[in-house]
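Here is the structure we will look at.
Each chain gets a letter, A, B and C, in the order it is written, and its residues are counted from 1.
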Amino acid sequence: MSDLRKKTFVITRFDPDKDEVPKTQTYQIPVRPDWKVLDALNFIKDEVDGTLSHRWSCRMAVCGSCGMTVNGEPKLTCKTALSDYGDTVAVGPLSNFPVIRDLVVELEGFMEKFKAVKPWILRAKEKAPEEGVYRQSPEQLEAFKQFSMCINCMLCYAACPVVGNEPDYLGPAAIALGHRYNLDSRDEGDAERNQVFREEGGVYSCSYANECSEVCPKNVDPAAAINQAKFLAVVDWAKSFVSSPPRRK
Amino acid sequence: MVEVVRHDIVIVGGGGAGIRAAIAAVEADPKVTVALVSKVYPMRSHTVSAEGGAAAVVPGSDDSLDKHAYDTIKGSDFLADQNVVDYFVEQAPLELTRLEHWGCPWSRNEDGSVATRPFGGMQIPRTWYAADKVGFHMLHTLFQHCMRFDRIVRYDEHFVTKLLVDGGAVKGVAALDMREGTTRVVLGRAVILATGGAGKCFPFTTNGTIKTGDGMALAYRAGVGLKDMEFVQYHPTGLPGTGILITEASRGEGGYVINSEGERFLVTRDYGVGQKAELGPRDMISRAIMQEISAGRGIKGPYGEYVQLDLRHLGEAKIMKRLPFVRELSMTYAGVDPVHQPIPIRPVVHYMMGGVDTDVTGATDLPGLYAAGECASVSLNGANRLGSNSLTECLVFGARAAVEALKYARGASDGNEGALRRQGDEEMGRIDALRGRKKGGEKIAQVRREMNLAMERGCGVYREQATMQQTGVELAQLKGRYADLALEDTSKVFNTEILTALELGNMLDVAETIAVTAMARQESRGAHACSDYPKRNDQKFLYHSVAFFTPAGPRLEKKPVTITRFQPEERKY
Amino acid sequence: MGRPADPLAMSPSRPGRTRTAPPVMPAEFPAQGRYRSYMLFGACCVFFLLSSLLVLRVVDALATGPDAWDELLRQFRHPLYLAYNVAALAGFVFTARRFLFQLFAKSQPPRIGPFPRPPLAVFPPVLGAAWLAATALLFCILWGAFP
């Protein structure tokens, strides 16, 4: 391994059975030039310190497991090149989340917010599979396609200042997902979801930081979804005075 | 003392097959509750990384179920069970339509109908696709849809370590709760394994770190046979080093595979793929690439030799529309923009045709135990799988296994809860003893690395009797060394070291079945290419190999192939 | 490490089964990196509040009569008022630039009634032109071009 240089990793550690508060631990390891941050973490776990806990799986930026804070910014560690950093790299768990252990954060809060926006097709009348697919033109697909690309990596939650201050806030990924269903031509659940959007902690908690879209590794642009949802939720509210309650299954 | 929870059925694994099974179960019976036990949150399951598409005959097109069946059976080198294939091709369009109803964003034609693309080994384009992230869209659609059902109770980040058997039938599982580090007993009158394949037995694989053959090992250790384990699919186009998948769809959309001389060798030389060229079946293309490399027409790189996938002639517009993820992956992980440069590729392990032996209903020989998806061998794919059949397979057999499991569960007993609880306590004791066991001379990563190398040498694209034998010996030694592992992490909360150690144990068991059955199959068929026996031998080897656990190593049996309509013929394209 | 976030941030409704370390705010919050721009954007609300109060004074003076109006204009020549106006102008321009040019385009829903949204690239030049036109018009009015 002659073309290898050493880099120093300052990693946040936390074991609830042993530590009162999180602390950092420093490791110096040889790294390959083409490594991502995740490769370094795996090397540390495999060869240096088997007690390091972190989540990862696909290593190709599609499963969303490996989100962590790298030198102060939320990153997908499987996609982040070590060569982007100097001799010292600090790795910690995602900000704004309670920490279970080392680099592993609590995801149950997100799962609740996720479910709250009813991320499924809501229709008054559904077709049987034998009747064939719903027709959807390429333009109709384009309308929501971008917002369906979210891998639930939660970098947006880690970056959003409102998430850290308002526990009730649904958050970027959940709102983007709800909006994705609202825009889907096959869905008829706008009114129901917009009700959720108008509640305490809904879309109007967003104060235009735009950090979510800045850090999103998949270009979902949740800030666009939230702000579009703000407008559409108001339109829906105005309509509700004129038309009858929403029809749904 | 273990905590015990009870549901009607238990599903192990939360990927395409697992979630589909859960939905099928709660839709079939409004009163049942289903435990969905997964070692990761379901949206992390490896289904998410599938790229190309899912195959089904488009209703109303000039395709036919017979053609899909024939393509699948021929692709399997006539080892697929034809009753299974017939059931599969009939259900496939309904399953993909159901997924569309649940919101899956299939790519469309101008008139709003679902678009299809050509895929390897298919005579008519019937692969439904969602840009080039079909697995991602399918898994997220399934997961989001399953959230509607409160009766699907998820046990996320629970690693199943043992099947609990009472009175000769499976009555539940013991699972390590990663959060607390304790064992939870999840009881159900039937258990469905949907845990995926075991690509991580090998060093270069498209698979993510979670693909460690857990369900296969669980069934194997409970006395169920693993069928056709020798058939390991090497996907022809993976990135060298990382093994990251570059989808077959890149060839379906017109990409060329070229050697170091820029030659489209699949066209200019005779590798048995005929007119299909780059769209031949995966086993043949992988072999062709390895032969080109052996002949000195590969390109040397830091992770071994490779050939190239050329997409430049497709143009930026088409690449961005049909293959945007491929472009992103090439740029991030290979440093290459496919619009301007060819992508380095080589065959990497991708899929296990073999798995837990089941019949067409997903039932194993052990009452109460079912399996579906990549971890099962129904057998739909025989000796070689056609691309885009496996995502549909997850849906079709996930649903079927759930329906059958429910039927069985209605008539089954709960089992002796005291005995099951005791088994759970023993399991917890076993894991507590292993956790942080500092005494020992072996490191997990070292044993794993040596297993990987042994599998690469003995069970590669081309296999030789001598090296397969050597691999078998090495694996037996590694199993001995596994018992001497030293572990550092004594903590209970989210201890991933013990998880990795348990996964390694599963992989060693599965790897052994692969090596032993590979050596016993003295012919070349589908993905199993034996240099000592280069031809297919239907007289002696037209059967499924089934491996059973014994303390001395796998014991092999033979199972007949169900041949109904299509008699085995020479496999030429 | 950042400052502490709300202790319940991203917490599930039922406490987790093991003790967790409390959430922390992003490391660069509040005054580093892009958060600085966000905080300034938020802080500009002060200018909106104060300027709204000034507008009320202007309306009140107009309603009272010409003497009150002259008195108001005399007060507004005080250096502090002039300094405030310069600062407020900077604040409004900053806010308008951030909101109009960075956020407005992507906040548009894909369809506005029956009409599809124009391509995103159209928005900045159109907004810029509208802004210049409005500025020019107000300038002319205040300069007395329209008697």
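Everything below uses one rule, namely that contacts are C-beta pairs under 8 Å (C-beta built on N, C-alpha and C of every residue); 3 or more make two chains touch, one makes a residue touch a chain.
Everything numeric in this text was worked out from a predicted model, so none of it was measured.
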item	value
Chain at maximum distance from subunit B, centres defined as averaged CA atoms	C
Chain ID, smallest distance between chain and overall C-alpha centroids	A
Geometric centre distance via CA averages, subunit C-subunit B, whole Å	54
Centre-to-centre distance between subunit B and subunit A (centres being mean Cα positions), rounded to whole Å	27
Two or more partner chains touched - positions in subunit A	16, 100, 111
Residues of subunit B whose C-beta touches two or more other chains	179, 493
Overlap residues in subunit C, where contacts from two or more other chains coincide	16, 18
Residues of subunit A touching subunit B in the complex	15-18, 34, 45-47, 49-51, 53-65, 79, 100-102, 104, 107, 111, 114-115, 119-121, 126-127, 129-130, 132-138, 140-141, 144-145, 148-149, 151-152, 177, 181, 184, 186-187
Of subunit B, residues touching subunit A in the complex	40-41, 43-46, 48-49, 59, 94-95, 97-98, 100-103, 105-114, 131, 133, 136-137, 140, 144-145, 147-148, 179, 208-210, 241-242, 244-245, 302, 325, 328-329, 332-333, 335, 443-445, 487-489, 491-497
Subunit B-facing residues of subunit C, complex	16-18
Subunit C-touching residues of subunit A, taken from the complex the two chains share	12, 14, 16, 21-22, 69, 72-74, 92, 95-100, 105-106, 108-112, 143, 157-159, 161, 163-167, 183, 207-211, 214, 221, 223-224, 227-228, 230-232
Residue ranges of subunit C in contact with subunit A within the complex	1-2, 5-6, 8-13, 16, 18-30, 33-35, 38, 41-42, 98-99, 102-103, 106-111
